[in-house]
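Order of writing sets the chain letters: A, B, C and D. Residues in each chain are counted from 1.
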Amino acid sequence: MTEPTPIHHPNPAGVKRVAVLTSGGDAPGMNAAIRAVVRTATFESLEVVGVRRGFSGLHRGELNLLGPRDVANTIQRGGTILLTARSSTWRTPEGRASGAKYLREWGVDGLIVIGGDGSFHGAHYLQQEHGIPVIGVPGTIDNDLYGTDHTIGYFTAVETALDAVDKLRDTGASHERVFVIEVMGRHAGHIALDVAVAGGAEEVFIPEDDKPVTDAVEIVKESLAKGKRGSIIIVAEGYPGGAQGVADAIQAGTGMETRVSILGHIQRGGSPVSSDRILASRLGEAAVYALMDGRSDVMVGRDSGGICYTPLHETWERRKDVSRDLYRCAKTLSV
Amino acid sequence: MTEPTPIHHPNPAGVKRVAVLTSGGDAPGMNAAIRAVVRTATFESLEVVGVRRGFSGLHRGELNLLGPRDVANTIQRGGTILLTARSSTWRTPEGRASGAKYLREWGVDGLIVIGGDGSFHGAHYLQQEHGIPVIGVPGTIDNDLYGTDHTIGYFTAVETALDAVDKLRDTGASHERVFVIEVMGRHAGHIALDVAVAGGAEEVFIPEDDKPVTDAVEIVKESLAKGKRGSIIIVAEGYPGGAQGVADAIQAGTGMETRVSILGHIQRGGSPVSSDRILASRLGEAAVYALMDGRSDVMVGRDSGGICYTPLHETWERRKDVSRDLYRCAKTLSV
Amino acid sequence: MTEPTPIHHPNPAGVKRVAVLTSGGDAPGMNAAIRAVVRTATFESLEVVGVRRGFSGLHRGELNLLGPRDVANTIQRGGTILLTARSSTWRTPEGRASGAKYLREWGVDGLIVIGGDGSFHGAHYLQQEHGIPVIGVPGTIDNDLYGTDHTIGYFTAVETALDAVDKLRDTGASHERVFVIEVMGRHAGHIALDVAVAGGAEEVFIPEDDKPVTDAVEIVKESLAKGKRGSIIIVAEGYPGGAQGVADAIQAGTGMETRVSILGHIQRGGSPVSSDRILASRLGEAAVYALMDGRSDVMVGRDSGGICYTPLHETWERRKDVSRDLYRCAKTLSV
Amino acid sequence: MTEPTPIHHPNPAGVKRVAVLTSGGDAPGMNAAIRAVVRTATFESLEVVGVRRGFSGLHRGELNLLGPRDVANTIQRGGTILLTARSSTWRTPEGRASGAKYLREWGVDGLIVIGGDGSFHGAHYLQQEHGIPVIGVPGTIDNDLYGTDHTIGYFTAVETALDAVDKLRDTGASHERVFVIEVMGRHAGHIALDVAVAGGAEEVFIPEDDKPVTDAVEIVKESLAKGKRGSIIIVAEGYPGGAQGVADAIQAGTGMETRVSILGHIQRGGSPVSSDRILASRLGEAAVYALMDGRSDVMVGRDSGGICYTPLHETWERRKDVSRDLYRCAKTLSV
């Protein structure tokens, strides 16, 4: 094998300048994605405009040129150097028209939006109404986007939650207590399921499943009977009643000392783990190439075949299921 | 300098066998303290009896011999291998009489209790009523024991809370939000104050101080005016109203998006940091030597002069204040 | 979606008792794999025999029953509770005959070997000569086994190396120095490549590629010219001359202060990250099912289609290439 | 207790503008110290000039104003935002004269130097020759400065080394190997001793002690005889022969597989732990106050009495010994 010579990507769309923004909830790895956009563009002799504060900044004209040194030493940083915000103005045609005007003034040939499905809605309407090419990059810790095996930030969020579970297990096992731990995931149990398997939890409750909270009571009783010291139960925030509901049921049904821990926003922060940095690097690069290829209104993602493209509207219309097989495995291994 | 030859400690009390237990809330470094007790005793040719589940296990007779290999590979472990529990029976004379009987049956010459002031109460009464020598070792994350500069577990708890603050700052700065973070400390602001200084927080609320919650509103307004992106406010759990009260006031007074994070029990877990392991090693050793010296009813601690001894009752009767100077510094540096 | 009911796996091979060992260099996640074997077997009402010290212990008869509680609280532990060793005796027919005798005495219906290709050789010959069914589980940090996308331990090793790179970048950027960092990988550049992309390195040298060490001189000169503060160069240990050779060339060619860091065995240790724990859980389960299905002389792995099976001899005869595309990306993004 | 009102420090020296630089090897917490200097000065209505690249930048005139927002979000960062360098020119009277000229041009009333004893030499001569007030702040991971209990960066370096020891113990225990680990400390065994106690090492070799390398052979033999699985030996880099010498002796004397790990520069990097951030915050503040008090040619430090001042020349002329008591404890607990 010899070193691959980086060759320049063809540019049939004649792109000269791309814009990039981050939108919605921040996710670890967003900086790595911004960096990849800027560096790839630089390699291809394109210019990059950074938009601050997402769509909120776009309709107010917070645009600036971003060079390759501006993103130096950012790949390991949590958060987003471009800032993010939620914007109600963007949901109005006037807001989007104002954004389109700024993009035209800056001579932007395409916009890359790093965020979740709410952000992709915003991008989709910009393209529909103003014809500006847009590419979505999946950046959200929840991993709930159809069209990519994983989203940027997901791996780090799982790792942060798992670290908390390991810590709680120390204290739970010492006190022979039950810990009910709520992880992020308003609509999806991806984080919860991974954390349950990796954390050796006794049970997991996710929004995709309708099993009753009383199942937890049986599990905890069985654990005691098997001689387990303490139990760990994982609950996704979207499960009805949340961790508190599950804990109340256990306390009522077993009399065991039951503690609740709601991990919350720490799951959004921290230096991204390697898998998120690599995924962000690949998708940031792919987003620039997609614009050069003349693509628009699609999200770049990665599946087993490599880079893939999904129409933006499918990312919210279609559902990415959790793995039934992993769900089953979680139960088998807690025997 | 030449290597100090470990010399054997004099044993005027003629101790042959010591018992050790952990009690109350667990704290990182308790295993390092148990290990130090066992290893020091072994070095001095004494035997060690480990009591499981604290005073609860003591009055039920859960005693076993502990050898030096039983504590191998535990110095880095969170929690306590001897388990811990709270015991209502121990608060009765009958419970303590039962514990005393077991200690006599096992030929124990003295009991080492690793825990907080509640546990020291239990030890104190055992010694008062049954004449069994007892030594306290300060093991609690709150650092609220008079008679020692620091308690075992405190350093790790601060580090865990600080790691969470760093993560929340990532997301807070990206969204330009206020984060109000509640750390442990029911009666004391030690953790909160250290975390506030080390985390670069804008403000800190502790139970020792009676300042009104509305101070937070002013601080957040000033921060905005200075151009700070987001604010971090630390609240000890013992501050009236807790983090939620502070956050409600900020939201009402500024209209800024304010998020609450209650770190909770993760602060008890995790592998102990070096300072806790070293402190636990020193105090565990000192506890065995204290029994050999014929001491009883005292807690071993460390202050600037080295090992010190404080009557158990003083540990709860006297108060260890937070550093006014550090409190002042927290404010100066948030300018 | 409803919760999948764990259903029992068919057992056409009539397996009643399986043995498990870890062999070769240890890897984070081996304990999670052992746990998965034990728990899956328990769920399926099979018994498990744990062999200590790998093949070395097998031919000496170090076998013991392992129950589900024996693996409690191990999923997060580095190393291997079954210990590992390299065995020259196992390379002799007499050694293997002795191991086979012990397995028969213990009534073992199949042996699960967690390790790398050297260990799979040992398993293969045992099956060839004595007809004992064997299943390989890929446990090695190097990720250099054909037949699985990833090996157990790989993700953690990358993360550990990346953490070191982040730390060295702090000091490298402050001093405007070049750091040449050697990561594990005697025959393969998988770790090096992932760390290079995730660590934002300027260049990477891997054994699969024959590019000359002098390329590093050009890269460092270009970095300086672009205004970069310090450079990070990643070298896999199998690249001829290693990190020291690369550093010597840079120092000679540029006069810049160049430091070498050889990360070494820390990459084998530490609590496994979630991806390794999950992979180990899946593969440990799959190994038990493979024996129940009557399979033998194969390695269980995971690729995009899920669980897959590869004849053991192919795992060392065929080569798993590093991703050319990732290699190219590493260069593009260091622009 | 009521909240302490921050009161303004008296300024008899009439200081209006202070300069700050970092010099020598970087240490985690240097940024926290810079931040404390800037924020304290701001609170006191003084101005701050930041000097880049230490004395090397000073004699070349790399000076800039630093405001309170310039140090926002830096308290948790490793390295130094002011950069550091070693300067041979500064060792010449001409170099220092050039630096003095720039400080006068910028109207600087005093210079704060964050670094080790080499840097304090440089500061001392500047003050001697040009009458510019200088204050030293102890910033070095080695903790080898007389006049302060701890130096900024020391706690983090110990933690980083300890984390590596924990990882190596995982693999060492699995393979029943000896690991000889070299930590930083060219002239002092502080890091080595703390890491040995906290890491549960079997033996430690430090430059302050002249014990022969063959002691390690006895220790390893005894460990084996006691049934320990693997041994951990810590060696400070300043011990003659280093880790390699110790390992060679063990291998020759016991035949056991012995591995060397030289941790190197990773000990300089990483986000500072809380103790370093707090120490840096206190000392940075104290340095500004020292200038306002009219002090010069001293280092600010912390001992049991709080802030203390030591003439710069004493910091290198006098020796800070390692704790004999801790050294003894390390041996007792490895029984």
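Just so we're on the same page, contacts are C-beta pairs under 8 Å (C-beta built on N, C-alpha and C of every residue); 3 or more make two chains touch, one makes a residue touch a chain.
Nothing here was measured: the structure is a model prediction, and the numbers come from that model.
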Chains in simultaneous contact with chain C and chain D: none
Chain centre separation (chain B, chain C; CA means) in Å: 39
Centroid distance [mean C-alpha coordinates] between chain B and chain A, Å: 37
Averaged-CA centre spacing for the pair chain C and chain A, given as whole angstrom: 28
Multi-chain contact residues (two or more partners), chain B: 166, 169, 173, 229
Chain contact topology (line, ring, star, complete or other): ring
Chain pairs in mutual contact under the definition given at the outset: A-B, A-C, B-D, C-D
For the chain D and chain C complex, residues of the former touching the latter: 22, 26, 28, 77-80, 83-85, 160, 164, 166-171, 173-176, 179, 229, 259, 261-262, 264-266, 268-270
Chain B residues within the chain D interface of the complex: 1-4, 6, 35-36, 39-40, 42-43, 68-69, 72-73, 75-76, 155, 158-159, 162, 166, 169, 173, 194-195, 197-200, 208-211, 226-229, 271, 273-275, 277-278, 281-282, 285, 303-306, 321-322, 324-329, 331-335
